[in-house]
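Structure provided below as structure tokens; questions to follow.
To keep things simple, chains are lettered A, B, C and D as they appear, and every chain counts its residues starting from 1.
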Amino acid sequence: MNMPSSDEAAPRAAAYPTFLVTISCPDRIGVVADTARFLVENGCNIVESAQYGDPDSGRFFLRTAFESQQGAGLDALRAAFEPIAVKYAMDAAFYDQGVKMPALLLVSKLGHCLNDLLYRWRAGALPIDIKGVISNHLDFKHFVETSYGLPFTYIPIEKATKAADMQRLGEAMEGSGAELFVLARYMQVLTPALCDRFSGRVINIHHSFLPSFMGARPYQRAHERGVKLIGATAHYVTSDLDEGPIIEQSVERVRHNQTTSDYVAVGRDVEAVVLARAVKWHAERRILMNGHRTVVF
Amino acid sequence: MNMPSSDEAAPRAAAYPTFLVTISCPDRIGVVADTARFLVENGCNIVESAQYGDPDSGRFFLRTAFESQQGAGLDALRAAFEPIAVKYAMDAAFYDQGVKMPALLLVSKLGHCLNDLLYRWRAGALPIDIKGVISNHLDFKHFVETSYGLPFTYIPIEKATKAADMQRLGEAMEGSGAELFVLARYMQVLTPALCDRFSGRVINIHHSFLPSFMGARPYQRAHERGVKLIGATAHYVTSDLDEGPIIEQSVERVRHNQTTSDYVAVGRDVEAVVLARAVKWHAERRILMNGHRTVVF
Amino acid sequence: MNMPSSDEAAPRAAAYPTFLVTISCPDRIGVVADTARFLVENGCNIVESAQYGDPDSGRFFLRTAFESQQGAGLDALRAAFEPIAVKYAMDAAFYDQGVKMPALLLVSKLGHCLNDLLYRWRAGALPIDIKGVISNHLDFKHFVETSYGLPFTYIPIEKATKAADMQRLGEAMEGSGAELFVLARYMQVLTPALCDRFSGRVINIHHSFLPSFMGARPYQRAHERGVKLIGATAHYVTSDLDEGPIIEQSVERVRHNQTTSDYVAVGRDVEAVVLARAVKWHAERRILMNGHRTVVF
Amino acid sequence: MNMPSSDEAAPRAAAYPTFLVTISCPDRIGVVADTARFLVENGCNIVESAQYGDPDSGRFFLRTAFESQQGAGLDALRAAFEPIAVKYAMDAAFYDQGVKMPALLLVSKLGHCLNDLLYRWRAGALPIDIKGVISNHLDFKHFVETSYGLPFTYIPIEKATKAADMQRLGEAMEGSGAELFVLARYMQVLTPALCDRFSGRVINIHHSFLPSFMGARPYQRAHERGVKLIGATAHYVTSDLDEGPIIEQSVERVRHNQTTSDYVAVGRDVEAVVLARAVKWHAERRILMNGHRTVVF
């Protein structure tokens, strides 16, 4: 541990355990009332809450953080809530906000997102528990192990042996115990089998403002097209390349006198910030799926 | 009526009347549950809801939009809610979203915010009912009357007769029946008496990123200081000049080769957009006061 | 004339006539030196200058504003510069900055860009001389004629008679004496013949961040895709729909709880600002063509 | 050396040495022409050039990058240019773009700017040659030495011995051979003597949008004031605290439900990006002083 996490404003310590419930269900009268009443009856005070009813899909979404002030534990709450979940056909999940989400980072040869995520994690700015780094190159082995003391796993992906390599990758992902996998400029396309196996758990950063410039070399194509803003997009990985649900996007201005190489440099900052936001929100359970779109609370 | 309000995407018509309740009270267990239960029991379905508990002030804020699906009217709901409001020491208010907020615009010699607000209003983009325009100059009389068919009231403010002039202004404001008063680059400082009389109902646009450059000639002072971004701030008017609660702010980039006059031109766009947002949010009852700060739902 | 153009910071009056030269040529040693020497020898002082050499295309671009301090007129300068222009195979053009570019606005049923451009023009913020407005609808006839005293030409475009209608449109454009044509949400696709005839002189505003969502209903498609930013693009019109050289772009953030209709409202502000910038820069001769890309000085 | 600097788009190798000249002088006819002619006569081709004449101060500023295609060296050019520099009373300076600016980083207990600058430097994104890190704390000693192999100098600053400590700091700065000193969240105020000694060579990052919230605890005061955007400002250090010439600024949006601690987290990203830009531009000699304001080419 070689980088301090000191900061000028420490968050106040919680007096009670803070839990979280996320709900997705058909929109019906009573969902909020029954949920709120349930929390009151179990001695829980709402700290933060957000909700959304989609008039198009007819789905309702809720994310509520609460303090359990009278000792009710997570398992007990989960069990006690079951009848309400059934009544409204809810996808409901309870979480302990004190438990960090185990995560694994994947990287190839560009390290800006990796460096950014590791620094934030060490500084306490990301509620994740990084289990290690996997790469198809050895470039960052020393950095990851020495500066951050994390396990580094080298899994080369070769054209001739791609199927087997990807199988090995999938096993390493599974074996890591991670819930979240972050493709921090990991330049290999996951097989459909892996996309399905870890569906909703793999976040990728694409270096363009999707749906512009899907696929390879987006900065070069942006340069050729003469766009005035370049961007980055964090999205969930699906078997449709660069078509997965979008979590976050941002852009930065470029000028006519900048080269593709300048675009790459400008893009680095956007990519790192966009990916870090997506990882943070996912780990805070702020993202719910609404068909192919995301609700970000 | 000489400008059409056509638009490419019409909002869907509501099947039921849509009402709104805003609540501000000490943060206690049960507020959300009791409010949600009340709505269910009165046949109301929540359409949109936002809440916030301020750990510093210990205040809780809620804004909930709902459809009254079983015919309960606004007055009945208001009366029926009274016991809950009392129980939690709430400031609670019920509104009909179908009723537009009556508003009055005040302007001096710079018309970009006036033009912008009038256009948005005519295009149906602002839920206000503009009662007229007051100015201490005659510049926009013809424009307001001819292009928009609105009453224009000329109330000059002279140094020698300022007290009486302001008195007259206050009477005109009162007499207009407006609930909201928008200082759209109105270049006179309201008297403390007027500030108090219309407290929380007067929105001003200041042409700087407050608290930078309070007072006069902010663009010139921004130019002298060599800032790289200029901005605008919409805030409620209080008797402390440019110190009122901030509603919205935005900035735009400037360069070393731009003159104060360029700043003014760039600033026009920022001012108009920031003021329009503030007016829209206020009219939609999205802004609640938290001491000297605003909660913007 | 019913809207005053008063402003708080008046630009200083020029003591001498201010001219402009724009140059595009193969990049060679001596271009800048010979041009600068020419200006000195003709008693001209450079006020503002920008240049760019594109390493990819090998083209060099220059825009220089200068004061003619010893009485040399535009025609004399143009003629005297001819040998230098020939020597370097330049596309060179001289302009008088005191002469506003004649322009024509085209609009259909959405008036926010029209209203914005007319207001800026009246306020003196656009160096154009608006000759009139053409529309395929009558919605804005009264507004244009009454509020701004401009000629309004109604040219309906019908499916059955489109060829003839477009021919008539082309004649009206030609006959207006305008150099610049602004499609301010004009919802008809110009024929390839018109695109070629007025090549480099027609600016369109597309309501998406191109190349995303080319073609129809971009806000609806942006909503379906779940993007987190929506944008607008001002570009020159070519016969390849939405593929013309991009002049300016901007974006605004949207959230999951906003409808397509909200996107339209947010987009209005972006469209108006982006189009106004493009028109201003074009009229100031700040835009030079570099193949399919623009240089914006 | 433990982090690779690979990148997807390598800048093209220059065929000739690339030099730079920056000029600041009274604005007079002939400056550009004589400078451009000088370059031609010495076999130099302009690669990039920017200029600005300030109508207020009457000063003219120029930055020109050029390739020396016929072998003229930097010293020879400098000497040959002397008569022109004298003729126009220029502050003129010639630089070799191949030589990186030696720099020293100073940090206290918050490491996000340090980490960001070190990563960019290692990735080849900053044209500086980092000589080492000085800190009044030991927190980052291990990180700096192990991850980046740089010298770390610990110079505590105590209240009782501040004068002597600052003297020692000045000697360490001088002894480092650095031309640029970057206060990367260095939380000690330099003495006026040090400010003068290294005038124009010390860049600080202030964690507010100056001139708002000068002095201590800007995020807390921003929170109390209820601003809607927070920002960061990179500026040259002078003996007037937080009043030095501004180099770059940026802002980020905050909401009512964010705590001061959230502001700190959001601010970290803005600070790092703003400081990195300022350092890059300074090292590229893009910043010229215009009285108390900066020209940023």
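Please note the rule applied: a residue touches a chain if its C-beta (ideal position, glycine included) is under 8 Å from a C-beta of that chain, and two chains touch if they have at least 3 such contacts.
Bear in mind the structure is a predicted one, so any value in this text is a computation, not a measurement.
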- Query: Among the chains, which is located farthest from subunit B on the basis of C-alpha centroids?
  - Reply: D
- Go ahead and note the Å separation of the Cα centroids belonging to subunit C and subunit D. 37
- subunit B and subunit D have mean C-alpha positions lying a whole-number Å distance apart equal to 42
- Multi-chain contact residues (two or more partners), subunit D: 48, 52, 55, 257, 259
- Message: Which category does the touching pattern between chains fall into here: line, ring, star, complete, or other?
- Response: complete
- Query: Where on subunit B is subunit C touching in the complex?
  - Reply: 2-4, 6-11, 48, 109-112, 115-116, 119, 123, 125, 139-140, 142-143, 146-147, 219-220, 257, 259-261, 263-265, 268-269, 273, 276
- Message: Going by the contact rule set out above, which residues of subunit D touch subunit B in the complex?
- Response: 52, 55, 209-213, 224-229, 231, 245-251, 255-257, 259, 290, 292-296
- Note on the structure: Contacts from subunit D onto subunit C in the complex sit at residues 12, 27-30, 32-33, 36-37, 39-40, 43-53, 55, 69
